[in-house]
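If you scroll down you'll find the structure; I have some questions about it.
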Amino acid sequence: MHRLVPEKLVTIISTDVLEERLVAIARNRGASGYTILRARGAGSSGEQSGMLDADANIKFHVILPTDRLAGVLDDLERLMSKRYPLTVFVSDVAVLGSDKFDKPMG
Amino acid sequence: MSALNNLLIPAVLFFALGVITRLIKSDLRLPPDLAKMLSIYLLMAIGLHGGYELGRADLGAAFNAVAWAIALGFTLPLMGYGLLMLTRRVDRMNAAAIAAHYGSVSAGTFLTAIAYLDNAGIAYEAYPLIMLAVMESPAIVVGLLLASWSRQRLAVQDGGVASIDNGPANGQWRSLLHEAMTNGSVVLLIGSMAIGAISAPASMEKLFPFIDEIFMGVLCLFLFEMGMEAARRLREFRRVGAVLVAFGLVMPLVGGVIGIAVGHWALGLGIGGTTLVAVLGASASYIAVPPAMRLAVPEANPSFYLTLALGITFPFNVVIGIPLYHHLAVLVIN
Amino acid sequence: MHRLVPEKLVTIISTDVLEERLVAIARNRGASGYTILRARGAGSSGEQSGMLDADANIKFHVILPTDRLAGVLDDLERLMSKRYPLTVFVSDVAVLGSDKFDKPMG
Amino acid sequence: MSALNNLLIPAVLFFALGVITRLIKSDLRLPPDLAKMLSIYLLMAIGLHGGYELGRADLGAAFNAVAWAIALGFTLPLMGYGLLMLTRRVDRMNAAAIAAHYGSVSAGTFLTAIAYLDNAGIAYEAYPLIMLAVMESPAIVVGLLLASWSRQRLAVQDGGVASIDNGPANGQWRSLLHEAMTNGSVVLLIGSMAIGAISAPASMEKLFPFIDEIFMGVLCLFLFEMGMEAARRLREFRRVGAVLVAFGLVMPLVGGVIGIAVGHWALGLGIGGTTLVAVLGASASYIAVPPAMRLAVPEANPSFYLTLALGITFPFNVVIGIPLYHHLAVLVIN
Amino acid sequence: MHRLVPEKLVTIISTDVLEERLVAIARNRGASGYTILRARGAGSSGEQSGMLDADANIKFHVILPTDRLAGVLDDLERLMSKRYPLTVFVSDVAVLGSDKFDKPMG
Amino acid sequence: MSALNNLLIPAVLFFALGVITRLIKSDLRLPPDLAKMLSIYLLMAIGLHGGYELGRADLGAAFNAVAWAIALGFTLPLMGYGLLMLTRRVDRMNAAAIAAHYGSVSAGTFLTAIAYLDNAGIAYEAYPLIMLAVMESPAIVVGLLLASWSRQRLAVQDGGVASIDNGPANGQWRSLLHEAMTNGSVVLLIGSMAIGAISAPASMEKLFPFIDEIFMGVLCLFLFEMGMEAARRLREFRRVGAVLVAFGLVMPLVGGVIGIAVGHWALGLGIGGTTLVAVLGASASYIAVPPAMRLAVPEANPSFYLTLALGITFPFNVVIGIPLYHHLAVLVIN
């Protein structure tokens, strides 16, 4: 059988000016990596068409062991309380192989 | 030269075509990175060109221009903030963010003005270009200061003392100021100017076909795309409301008049140069300042400042403002 | 503890010429926003390389309260019955914070 | 000038290089937006250039060219639909969608023909350019009409009456027609022509380095990328089948011959202009029409129309068609 | 009620030079299609900024009936054992409509 | 011409500006596809240009240059591998992958050298260009061979016999060799050279504004972006370690000296041509080879080879190497 390990996948949709902050959160909270995709969209802060530097979104993924989830969510809630436009959700995923996601980034 | 003539410059016509393309709801989709690439090219080209000329210009006059640019960059957002608070349509945080845009400048508007002057055969000095490069940063700094001060006022109003948590902490302050000084557009423009000034003239000549000859065509394409973006924002003007729209039309007039005063009396420029300084005063940034405000003033709504700067003030300046400031410059100087 | 609210995430993969229709569905069915990513792919209607205007895909996300899900799925089924190429799936997500996804777009 | 000579034009050679690059399975990956940016440039440049010349041309002749372009745009898809139904290899919906592509035109093929004529030193009139701009829309409209009519026929065959649900509702009709008239390529091309026609000549001259001098190089790069895309589609010809492939070779010949008749007898053009009208008749759209058909005729399979227009007819025209139509024009005119 | 069919969604994040191999796996293991998105990120093999040909990531999605999952995971494990940098996870999704994902690509 | 003069060439200055932009942590974000588009343009332009001249050059001398390019492409990675194994800082797989980069070449460095020579008014032969096109493939092949041999050695060391599973199977070998020969950059460069050589001269002239006049400007923009990328990699040098960094500075010197020997004694080139061959020997690929290694040598860490080739060797060559090899060439030839 395949070693499918249960982990948490945190997905954040936000403006790309926050990219560095999100990377710092992932790094400081012991994630083993992160993934970023370009996105567009609309929400409470209007349309983000992606045509200007100030109106592009990113979709940011971090896979984490369950015990490191709370720290990341704390940091994200702090950003949200400062009124940064963040869409955050957590899903359960079964990760293939090993303890890869346990080793924090260098 | 009448305003109608202005409308017959290809650059302005392409801007209008972009607006129309969006208004008739055409399905034309431009690649999202095209405008960014074109604006990198435009900043590099005007930087090199201006630096090349400044390398041959008077140092004292250049310093003078820089000093006045900084003064404008600090004063205009304060005036904008005052005006906005008078309208009573936005809260302090939105007022601070919007005001910062009007203290800064729009390279697209500036270049359209250059196309206008070229087309009319009017000469202009190189100093306004260095002002363009300098004016982004002070306005961003003032925006941050206004926002932080407003944050404290709000905290006091909310019944408590200004808590440390409400303003940016010391470390954040440094990072925000850093942001203002190392803004991408500023670095590219000032860097290109420096390269244009210190490069050997022979090696600069090899660059001229790239930075000069295809310049006008690239500008047309850029303005076409910006026309489409302006029209996208224009549609949101109802969300913004009539009073704010009025601000987006009055503020450039205020900035333009102040710019004419600075260009003529303080800097002693000719009609072309004075018109350009007026355009600097009148225009609002929609490339460099918005990301800085999104990061530093998250409480402000980006639809407000983007709609005003890009959807209202930019088209106003391109179509009406530029010929108007030119006429004013003629009046004042003759 | 973090307020993780259960919501539905609807993901649609389709040709980008349908973008406006999908936005209209999200808006009319009371979603608080949407997110769009560029995609390529292959499926029953052949390869979509993303090089031409007519062969680009998008990945479209809408987060919804469970009670608004049915309306969106109705509209999507209607599009599918007209033979539009749609890949649609629903997942359960735990959304961070507030009632943000309850407020329809303006 | 022989077909071999045609193959020695850089534009055609770059097309071939693109095809080869894909056939040898090179890992070369072009940025997905490059072709879109290049085609925006090409449309803008030929539009400006053509508009500039049309602004100096005979209005009556221009109207005549527009009328014939509309006639071609309506007639050719009907012929294509008839031919396709005769093959009995595709259903009505696919036939309608494919036919629309052949009533429309391919700017890439047209520009290759211009490179061919330039290279051979053959002059040509500006009127075919305006026909290029006009021919997209009628073909899209005919495609939509054919699809809607087929949908009703199918509904009747299926044993019921044509239900309202099977055709687009009234509101949708309006939106589909709107789509045909405001197609992105059409707007950009016609808009650029208008700007070229009304701009002050002096300001147009500043644009020439951008729209003229680098044009041929950009076209080469565009054709290189289109060669890669054509080869990608070519590989799918087995899915399409020999009979449809034959249609993709015969239909351009039919359109080319009709184009020569229109160019020579109806419009009285010279060898160059007649060749260009032939190319308009012969070529099939792979940029403007496919998105319209995806939206309006979802029942049709995009692999069919993209493979035919881009994988079969486009390479055929670039390599064999253009010199062939030129020879036919010489035969007919001399 | 909407016919929501449970299927498996396999998501792979990896360098884009593996794209053709991943497509081959999806095709050979009987998937009905696949979807690819451009991504950036960081992980055990350093930052992938997406600026160079060699440092771009992709996010690759395949939806599969449960009984075809094992074959795909076998192939992915084989790639991982050769030290290719792969992030792989499986999630449960409810797919809208039909048996679309049962028909292998042509 | 001193090294300082070299620093006053716009191309080099833009590289430096890119490095500075990143070092001061500016928020400037370039579209990710910009560098790819610029490098496609650059390969096409130098290919056409070189092919045009080679079409008029001596065939025997060209063959000679190709033979020596292949020899360099095979020898340099072996030397690099030996040096790396001596450092004892990397395992065999990483050594194989890094070595392949140094056997190949960097078009960006080569073009900067051309800008340097142009600026100094030094003529150069066209043969080094064909060597640029040829040198990618042998180095990739050697890299694959070294990696496969190392894989077997490791398997033996691990106590077993070299199992088939550890090396690429026969089918994979074919695909890896295929990869080396059909590498995107190679195909585009050689294809453009062929087109430049066989196109009618009259039709080539229409391309010159595109491939010649705007060339230097595009190169500046490309080097600006590469400066930013180099600086991003430079920051990782701590992960790489001082010994490897030293390798990244010594290996170009080794390759440069060998290149001078080949350019002068084996090929009999002048100062300009000899300098260019030295640059070929000295430079390390950061565009063509990395993807090939990622695919073929997954055991190697991409941070190592990208940091060395792009973060250490590239800036070293651009700033110090090129004027140095030029001086050496002058010494040897006079």
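Things to note:
Think of it as A, B, C, D, E and F in the order they're written, each chain with its own count starting at 1.
Just so it is clear, a residue touches a chain if its C-beta (ideal position, glycine included) is under 8 Å from a C-beta of that chain, and two chains touch if they have at least 3 such contacts.
Since the structure is predicted, the reported quantities are computational estimates derived from the model, not experimental observations.
Chain centres here are means of the Cα atoms, and by that rule the chain farthest away from chain F is C. Of all chains, E has its CA centroid at the greatest distance from the CA centroid of chain B. Both copies, chain B and chain F, contribute mostly unmatched positions to the interface they share, with under half of the numbers common to the two.
Centres computed as Cα averages put chain B at a distance of 37 Å from chain C. Centre to centre, using the average C-alpha position, chain C and chain E are separated by 20 Å.
Here the spacing of chain B and chain E, counted between their Cα centres, is 45 Å.
Annotation for chain F: residues touching 2 or more other chains are 27, 29-30, 32-33, 36-37, 184, 209, 213-214, 239, 291. Among the residues of chain E, those in touch with two or more other chains are 17, 37-38, 40, 53, 91.
Of all the residues in chain F, the ones that touch chain B in their complex are 5, 8-10, 13-14, 17, 20-21, 24-34, 37, 115, 118-119, 209, 213-218, 220-221, 224. For chain F in complex with chain E, the residues that touch the partner chain are 30, 32, 35-36, 184, 225, 229, 232, 236, 239, 286-287, 290-291, 293-295, 298-299, 301-303, 306, 310. On chain E, the positions that touch chain F within their shared complex are 15, 17-18, 40, 45-47, 49-56, 82-85. Contacts from chain E toward chain C in the complex involve residues 2, 4, 7, 9, 23, 32-38, 61, 63, 91-97, 100, 103, 105.
Interface residues of chain C facing chain E in the complex, by the touch rule stated above, are 11, 13, 37-44, 57, 59, 70, 73-74, 76-77, 80, 86-91.
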